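Labels for the chains are A, B, C and D, by order of writing; each one numbers its residues from 1.
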Amino acid sequence: MRKEQILQWLQTFTDEIERHKDYLTELDAAIGDADHGINMDRGFKKVMSQLPTVADKDIGSILKTVSMTLISSVGGASGPLYGTFFLRASTAVGLKQELTAEDMRGMLQAGLDGVLVRGKAQIGDKTMVDVLSPAVAAFDLAITEGKQIQEAMQQAVASAQEGMKNTIPMLAKKGRASYLGERSVGHQDPGATSCYLMLKSLLASLC
Amino acid sequence: MRKEQILQWLQTFTDEIERHKDYLTELDAAIGDADHGINMDRGFKKVMSQLPTVADKDIGSILKTVSMTLISSVGGASGPLYGTFFLRASTAVGLKQELTAEDMRGMLQAGLDGVLVRGKAQIGDKTMVDVLSPAVAAFDLAITEGKQIQEAMQQAVASAQEGMKNTIPMLAKKGRASYLGERSVGHQDPGATSCYLMLKSLLASLC
Amino acid sequence: MKKLINKPLDFVRESLEGMALAHPDLIHVNYDPAFVYRADAPVHGKVAIISGGGSGHEPMHNGFVGMGMLDAACPGEVFTSPTPDQMLAAAKKVDGGAGILYIVKNYSGDVMNFEMATELAFSEGIRVLNILVDDDVAVKDSLYTQGRRGVGTTVLAEKICGAAAEQGYSLQQVADLCRRVNLNGRSIGMALTSCTVPAKGTPTFELGDREIEMGIGIHGEPGRERTNIKSADEITQILTLSILEDSPYKRVVREWDEHKQEWVDVELIDPVFNKGDRLLAFVNSMGGTPLSELYIVYRKLAEICDQHGLQIVRNLIGPYITSLDMQGCSITLLKLDDEMIRLWDAPVKTANLRWSI
Amino acid sequence: MKKLINKPLDFVRESLEGMALAHPDLIHVNYDPAFVYRADAPVHGKVAIISGGGSGHEPMHNGFVGMGMLDAACPGEVFTSPTPDQMLAAAKKVDGGAGILYIVKNYSGDVMNFEMATELAFSEGIRVLNILVDDDVAVKDSLYTQGRRGVGTTVLAEKICGAAAEQGYSLQQVADLCRRVNLNGRSIGMALTSCTVPAKGTPTFELGDREIEMGIGIHGEPGRERTNIKSADEITQILTLSILEDSPYKRVVREWDEHKQEWVDVELIDPVFNKGDRLLAFVNSMGGTPLSELYIVYRKLAEICDQHGLQIVRNLIGPYITSLDMQGCSITLLKLDDEMIRLWDAPVKTANLRWSI
């Protein structure tokens, strides 16, 4: 995966967030506080305004800028979580200008680990982890099986989508939605949804 | 007019107020603060609970009790106005047990004068004065023409009703309704309406 | 109607009971007739200040009873003037021998009831003076109305006169000061939503989803104009300019003359604001508007005053003279002099205004 | 949506600008990153106390910055946790050399952001401790949730710890005190109406004309139960008993260990209230409920505490931790000891809490 594709990914994700801003916020209104789309949109708009200053640097620097921008402009739960995802991802890839399949496996795994440490959520808690975790596992397996990056990512996105849908019947145990108890059942998790969009955008940038 | 009739008058008026409580309050909602029916109802219910203690006294004492009870339980604009009406009326009739036509003329005139001094309203200001003033004048004239009390009071009530209707097109210049300016036009004044009910009740008690 | 109340008819009494339970160190409550008075009343040798009016404007007036402000407050039913017997009983309770000042908001009911109370107090040998607050510039054509309504300046007058009384001003001095505060204070309010009177149970007036009422009264009396919702800056601009551009306001009020022992008509004229004046700026919530929005209003108000060469040297921001649950705000500007500033800064210890003690 | 705002996106900044203009003697405002800090910061040798959270709960926390309470407050977007860079910048600005205590309400966003800020501060050589407030008994099954939310006790902890810091307590002492206040405080709220977030423009949740939500969170998070409207006495009874009958609450929280230089899990258990306990009773408006109704709630609360042999020795009544324009209230009961009483009574001078100075 080349640096231009990384930049493309971030651009596509920003566009997707903008397109789904109201939808994400509505999902959050049902089981949270009605700001997830607004938060993500604010954060990634800011990211886009910062990127030109580092576009000629290495991928690690780019992802670090994404991370720092998200951390300082999103707030809420998704700010530190997405921020930590990109921070760990950045550390994992370091000074590279292009990523191998192995690099990408490391990057995604590191990002997921960061989210787990920061948020202490487990699979089944109805959070973004329910998307990220199966997606990273699927990518991992596909690469181990010798698949190409693009195909592996296709499988990751398929798992992500399944994971996102799976959050619907779940009872939330982390984040604001957890306060709803039984009433959280039947709604799709907003953070899981934005996370699915992130992976879908990543796939798109590979094509 | 006998003392029993005076008591009957107060009872009838109290009943009328209760029956028209919501109506009076609605009239006040349109051009005031939506409490005239509530105020009058509170005051006259209190009057009714006080009257037994003075029912065997003279008419002056009865009316004085009405006055004091209204003054201390109605508040707002109508409290001091009705209170002053009955206070002056009480002073005018003194220790009597029965009122002649002349006594009644004096009583009503004194009550009206009290309202004028207290409230400084003039005819045409869209207040209870627009009912009380023509009614007292009509009673006065009828008595001067030698009519019987009951007939004179019939004419007074007719004038009162006309006066009440006349408040509809008026522009309020006193009381809360005055703040409405042009917007007060087209609504019947609540105090004028309760005042008409008072005179109508007086007439009923004579029959 | 959804409110934290029990029976609507018990609203005022139960709220007073809660106050009495909450602040036994500051106030006591008499229930029949109803008035709230300083726990340490009467304060001997001090002029006593009493105000009152319909309930529903809390914390005014009950929340301002205490050291450095009111000696007693007489709460009426919701939006209904209290009665003369309340005012008289309060006067008797707090009279420290130096006389009583009744601070009266200019509404026909309040004026008439306080006038009766003044006559009653006089007939019982209690010295009483009577000052009207009539500061609401929303009321135009005051010659043809009851005159301007008493609103935000009342709170400021109670604080300033309360401090003066505490410092030993005579009855006449406190009354003169109160009149001066009133003449130098101007207010105007607006509503985003109607209030709902508990006993009525439905909103006093209807405002559309995109409508606001400029110049609203604190009982939901209509204002100057019903318009479409505007930005906070535009609203603040309109309100502030209504105050600043208001021409001198002339009217005749009735005051009790202690020497003549009768009511006399007094002609009063408000001075206008001039460049260089020092102001107290008071941004008030009508009850349902939160603090965050008041600061947005204050921000623009400060800018406009600055543009006009007016210097805000003191301010008060919060819900002080409310209209039940109404959403909206009012702005009061009071032109200060050194004496008023000194008295404003003086210690005050009441349930809802407290500093320097 | 009708509000006194300009563009929804400017809501937080403009409200801060208004605050800065209104209280230059008390606070200064930094805009990028956003935080409010004491005008006289840093106070050398004093532990600095910083709190923060989403905006929309005014006066908390900005209105509590000043002598005897907070050194700085970090406002996020409406109902959105502030970010670590705000918290770090605030810490740098107010650090008087004796360390920083972050008081954090237990919401996933706040917790994660303050944790990051703590790590950042540590890495820059600033001493920071971190205490969670998690007092909302409406949250059941806390093992399966984020744990109890931080609500009313936060205000009380800020006041009490602020006084302690002012009196020279060490960082560890202030942190221990804060943990103790949190363990002894319990809250629960209810909503009559939803709030409306400016950026969204429509109510966060729908409540029918006769419906209320018991156990509401300060961001409009749903509570325990949606029921029909009840009388103030019934509502107060339900809320109060939820607090009094709550069993000891056990949970594990993550605190920063200065010596180990890492996060450690700490198990905490709330004590229950017992006959004879002395309480601080805090009746809070959610923003749109006026003072008069709060006193009706307080009246019943005092009666129930009395019946249970609990002694209310201090109280606080008003809008202190709000949820924008939401109508409703919350009740917080804090079990006091002599030290807490002394610190509660100590002077405080902030925009929205002030006494004895």
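As a working rule, a contact is a pair of C-beta atoms (placed from the backbone, for glycine too) under 8 Å apart; a residue touches a chain by one contact, two chains touch by 3 or more.
Please read these numbers as outputs of a predicted model, since none were measured by experiment.
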Whole-Å gap separating chain A and chain C, where each centre is the average of the chain's CA atoms: 56
Centre-to-centre distance between chain C and chain B (centres being mean Cα positions), rounded to whole Å: 31
Arrangement of touching chains [line / ring / star / complete / other]: line
Chains touching one another, given as label pairs in label order: A-D, B-C, C-D
Chain D - residues contacting chain C, complex: 2-7, 11, 14-19, 21-22, 55-56, 58-59, 63, 192-193, 209-210, 212, 229, 231-233, 235, 287-299, 302, 315, 317-319, 322, 324-325, 327-329, 352, 354-357
Of all residues in chain D, those that touch chain A in their complex: 33, 54, 76-86, 107-109, 112-113, 115-116, 139-141, 144-146, 149, 197, 199-200, 204-205, 217, 219-222
Complex contact set, residues of chain B against chain C: 25, 29, 32-35, 38-39, 42, 71-81, 83-84, 118-119, 171-176, 178-181, 183
